[in-house]
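Here chain A shows up in two complexes: once beside chain B, once beside chain C.
So, the complex of A and B:
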């Protein structure tokens, strides 16, 4: 195992990979800081940049976009009181309160250090846990894979927002889209209606770009023209560099929130938002000065930032070891793996250890590099926020076009992307969540193939899915994950979206 | 609930229900001992039809109980117009892109799109389209080497001079 780490370290330290990590984290920070660009959208828009790259470089970049976007959300949250990411809501409450009291720089430092500690902690957990979980998963047959896909699909209940019915319908739409094209077992054409465009199926990225990014531009186009300018007064980070004596008091909350964030991140459907809310809640419960919460409590800010960053390592562990996307963003990463001809899951560790260990090292480096890039991001963001939306929207739309075209170098894909953009806009307008559709599209193909192969091997006996212990356990966990939102509602924990 | 939302829910029912017979026919394509190509899509579409029908009936019911109640934000006519204009501009760009090529159409698209979004500053409208196109050209075409559409005829000749 040590030789894998050594090889990965020497690979990731090559200039091209370091540049990819640097650019990825910068883009992630900027995208995360900008309201309207989610972490998943940042990853989707980053995918076209990776087309010509080696897998290690590509995933070093995408993982750094993911980590950067979660950290970037804190910049606008603290400086302007606008959460760039849903996971930065608690950061707004405490960080922006600190900024209003004249301690913006101190709040930024707390967010930067807590994010780095949470992120690095979760990467070490990921390094330790991924091979163990993957070794266990190597014993999986089609029945277990089907159960695993069902577990992945059960995330839908957490991604559904206000209406579970709409969430399930959206997921079924995605599952249907996954059936379009040539059947992997019989070779029959399904729902192609005689067109060659759909023979290869509907591309993940094309649909994702349309549903998530293009639809957002259409939705924003509804708003009347408004000049968007920054209004924050910011004196610079040097003003309030925190001292070690101050940090010593917060070590307990930092460790506990990082652990909680990593565990919650690994749970399908729970994500950075749930992790930050849970850690914030725990911090206020155990605080000696609970009355400070909501008025600029440093403990609250540390808990939220450490937990939301730590969740990235948790979700990446599940993605790399089992191939399950625990969140919206990791679903996009799963699609990116497929674009690069890789299948996330237990076999990836055996077939491409360079990629998996490269991701470990890249994630570790990203969390360290981000201490510097976030400082730069704060300065840049004050400038970027002065850009008119008309320029910004044009660039986003052109990135959608290039992203959709670049996959197959086909103009037809542009029309497919446009159609999905309109569908995504209508879904958002009528409050149908788009994330479950993407989830269904990404997992649908493997779910169907595993199901049918499982039935072939058992000579048509459907009991194969519940008679094998691992498969039965995974299906049981799926049921728990499906009913988790109802439990969460009873416990009074806010929903992810 | 608004009329638009009920129409959308009805369209969902029609979409999934219309595909059911096609999925049923696919069920006949199978190998020995295998459930066939239509089994999975049939179940998916059947569930989707039932759920979309449920949502449609629920919407009809709530609209009948309280016609003014809105469950989803309805855009005003001005908002809808602006959004539709943005969609038309993007679609027009995608339609002319294969004929005129990326280099010619992109600055025009940016100009019209920015104008459509309400931008009126002449300096910005004059500079941003060119700067963005140049940036994208060098990054995606020259650096990443994505062969973005070159156009046809004289436009193809022009694009070939550049990439």
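So, the complex of A and C:
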């Protein structure tokens, strides 16, 4: 096996492959930062360029586009509060709060480092524990998926901020939104009001751009004379270079989130977004300073970014081991394999070890090179902060519109986005937190589908959720998670600070 | 005056090759794929588009419009002008929709066929750990345990469910259909043993079948699959069911007939292009004759619609 790595390393280190990785990750970062271009679209757009390349070069480039896009999504998330990628939702919540407090550069450093660590971790898992991850992922049936989603939803109690009631109501609203559209089990239309706009459901990126970003612009517009040059408040990248002392206490969360991200990334149908939500939730639960969550918590940002990048390795693991794409983007990669005359599946490792090991090495290198390319990208974007808010706000609005439109190229989605902007504005006015609503919308769909799928499989017997060990354990954990903050309050234990 | 001259000139020039539509296409054509990026229908459309662009000498844009089974994209095309610039990529799901009383757009009434370009083959697949070694095992189990056989598919009330029900009906068993969101999830569920199997088009699953992790019990076809010569067909096993998944193009009703004919001919030519031929071979889409133009395609529509009408009635939809 070692000699395979050695050959792969020497192949990937050839200048042409290094250039491919560099260009791939640059394109990935730019595409990821643009809200209208998702990671899968970035890969699709890159595929034609690989036609004339050797397979190793082609996949080095495509994998670096993939990893770059997931990282790039955090740039727009932190600076503008718009998720460049769906998986950057939690990054918006924490990273953008930090940016508003003048620590955009610090948030960027955290995101870059956490992303790189998560990415590298998952590549090592992919290299040495592929069969283990694949077996574990396959053990997840509908019951386990459901339990995992419940665990994710149980975070609501830590996300709620001051009022638990309002947090729960907000989450229920999100769960309701997740039911809109065509029902995945019977194919019936739900809450579509006879129009075709909502047939595909409410896209959570669209809703979330409205709820989090557009609503903020509306709220800021209430203060017409608040002209300020934002740049004065920001500290530059150099001033915020992270220190080892600060990072030492985050090591636990970094490791745990990377593991969680890798595993969830390997589950088909789950992927980067759900991975980052789950890791973020776990971080908020075990954090020493849970009250900081939603207001710029560093550990929350670390968890979200480490997990969404770690999911790339998990997703690639099942793709390479079984030929099953764990996410939309890896589905595109599967298509690219076919174009290059390769068949992803259990036999690929035997037939073309050069390609598989090449991908391992390329993914590893990408995660390291990306540190440099992202810093370059961030410096560019940070310049925008010199703009006065009135101009900056219109840039944000423009990005909101591009982001909402770009997903399906549909004008209808713009209306949906603006309606959610107004809803988000009203929620803020009445002090309902919006994060739980987004949580409900993101997890609700898969939670409902896997619940009903589980019942179809067990022929209506609900015991299936508690009789399977993994599922039972996850459900038990969610119960604890749900009531722990309540109990802590009741017993009068103050949150540590 | 200038306009008139231009008009006359253009009539003069474009009348030369024969008809008015010779000017078509003068701007990019849009193909609406009513499914998500990366699915079978999307991959197929994107594979033929480069060749089609060459033939038509025009830019073709593929737009994905998933939602509501295959309804959302279909409704969109039904609302566009009938000028041949918006083409709907159709599949068997649209035939099935045409049967349902509540459908808001009906393929038979609102569209005219351009051409079919693929007729894919479905396999009866089970997980490698499932206790069924051959089709007989499966059917015996199904007869002894009604509704205990759990087969997954991606479209509730659509193609994969109808295919499962049709097979079950002709095999004389009852199966439980479990809807999943994507083929990837189904494969994972099959490998993990959470479901017994699925009726799926085999091209994407071949690597797993060859590795022995998924077993193909039968091909729903008249003849054996060249990539899996050891797998018997349904016909050999005494089950008279050979329907496969249709992929084709349709345009709105009212599109000028000569224009539809031009498109149908273009599809035929595009299918002979080496780039598309290569895709066909690699994905085993050439086994059954794909091309079926205009009225012949319409006949196939009508036949299938009446078949599905019966199956859906039996299933109580």
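Everything below uses one rule, namely that the second predicted complex is superposed on the first by the 271 of 497 C-alpha atoms of A that agree within 3 Å, B and C clash if a C-alpha of one lies under 4 Å from a C-alpha of the other, contacts with A are read in each partner's own complex, and residues count from 1 in each chain.
By our rule, a contact is a pair of C-beta atoms (placed from the backbone, for glycine too) under 8 Å apart; a residue touches a chain by one contact, two chains touch by 3 or more.
Predicted, not measured: the structure shown is a model, and the values here were computed from it.
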**First (chain B), second (chain C), both or neither touched by A:132** = neither
**Message:** Going by the contact rule set out at the top, does A:196 touch chain B (first), chain C (second), both, or neither?
**Reply:** second
**Prompt:** Which partner does A:459 contact after superposing on A: first (chain B), second (chain C), both, neither?
**Reply:** both
**Message:** Let me test your reading of the model: by the given contact rule, A:185 touches which partner, first (chain B), second (chain C), both or neither?
**Reply:** both
**Message:** According to the stated criteria, A:324 is in contact with first (chain B), second (chain C), both, or neither; which is it?
**Reply:** second
**Message:** Contacts for A:393 in the overlay, against chain B (first) and chain C (second): which applies, first, second, both or neither?
**Reply:** first
**Message:** Quick one: is A:165 in contact with chain B, with chain C, with both, or with neither? Answer first, second, both or neither.
**Reply:** first
**Fill in**
In chain A, both chain B and chain C touch residues 183, 185-186, 409, 456, 459
**Complete:** In the complex, the residues of chain B that touch chain A are 4-5, 8-9, 12, 16, 19, 22, 26, 29-31, 33-41, 44-45, 47-48, 51-52, 54-55, 71-73, 75, 78-80, 82-83, 85-87, 90-91, 93-94, 97-98, 106, 109-110, 113-114, 116-121, 124, 128-129, 132, 136, 140, 144-149
**Request:** Spell out the residues on chain A that touch chain C in their complex, using ranges where they run on.
**Result:** 40-41, 44, 137-142, 181-187, 189, 192, 196, 199-201, 267-269, 318, 322-326, 328, 331-332, 334-335, 338, 341, 343-348, 408-410, 449, 453, 456-457, 459
**Fill in**
Touching chain B in the complex, chain A uses residues 48-49, 51-52, 165-166, 168-169, 172-173, 175-176, 179, 183, 185-186, 188, 190-191, 214, 217-219, 221-225, 388-391, 393-395, 397-398, 401-402, 405-406, 409, 411, 414-415, 418, 421-422, 425-426, 429-431, 448, 451-452, 455-456, 459-460
**Prompt:** Which bits of chain C are touching chain A when the two form their complex?
**Reply:** 36-38, 43, 63-69, 71-72, 75-76, 104, 147, 150, 155-158, 176, 178-182, 184-185, 187-189, 191-192, 194-195, 204, 206-208, 210-211, 213, 282-283
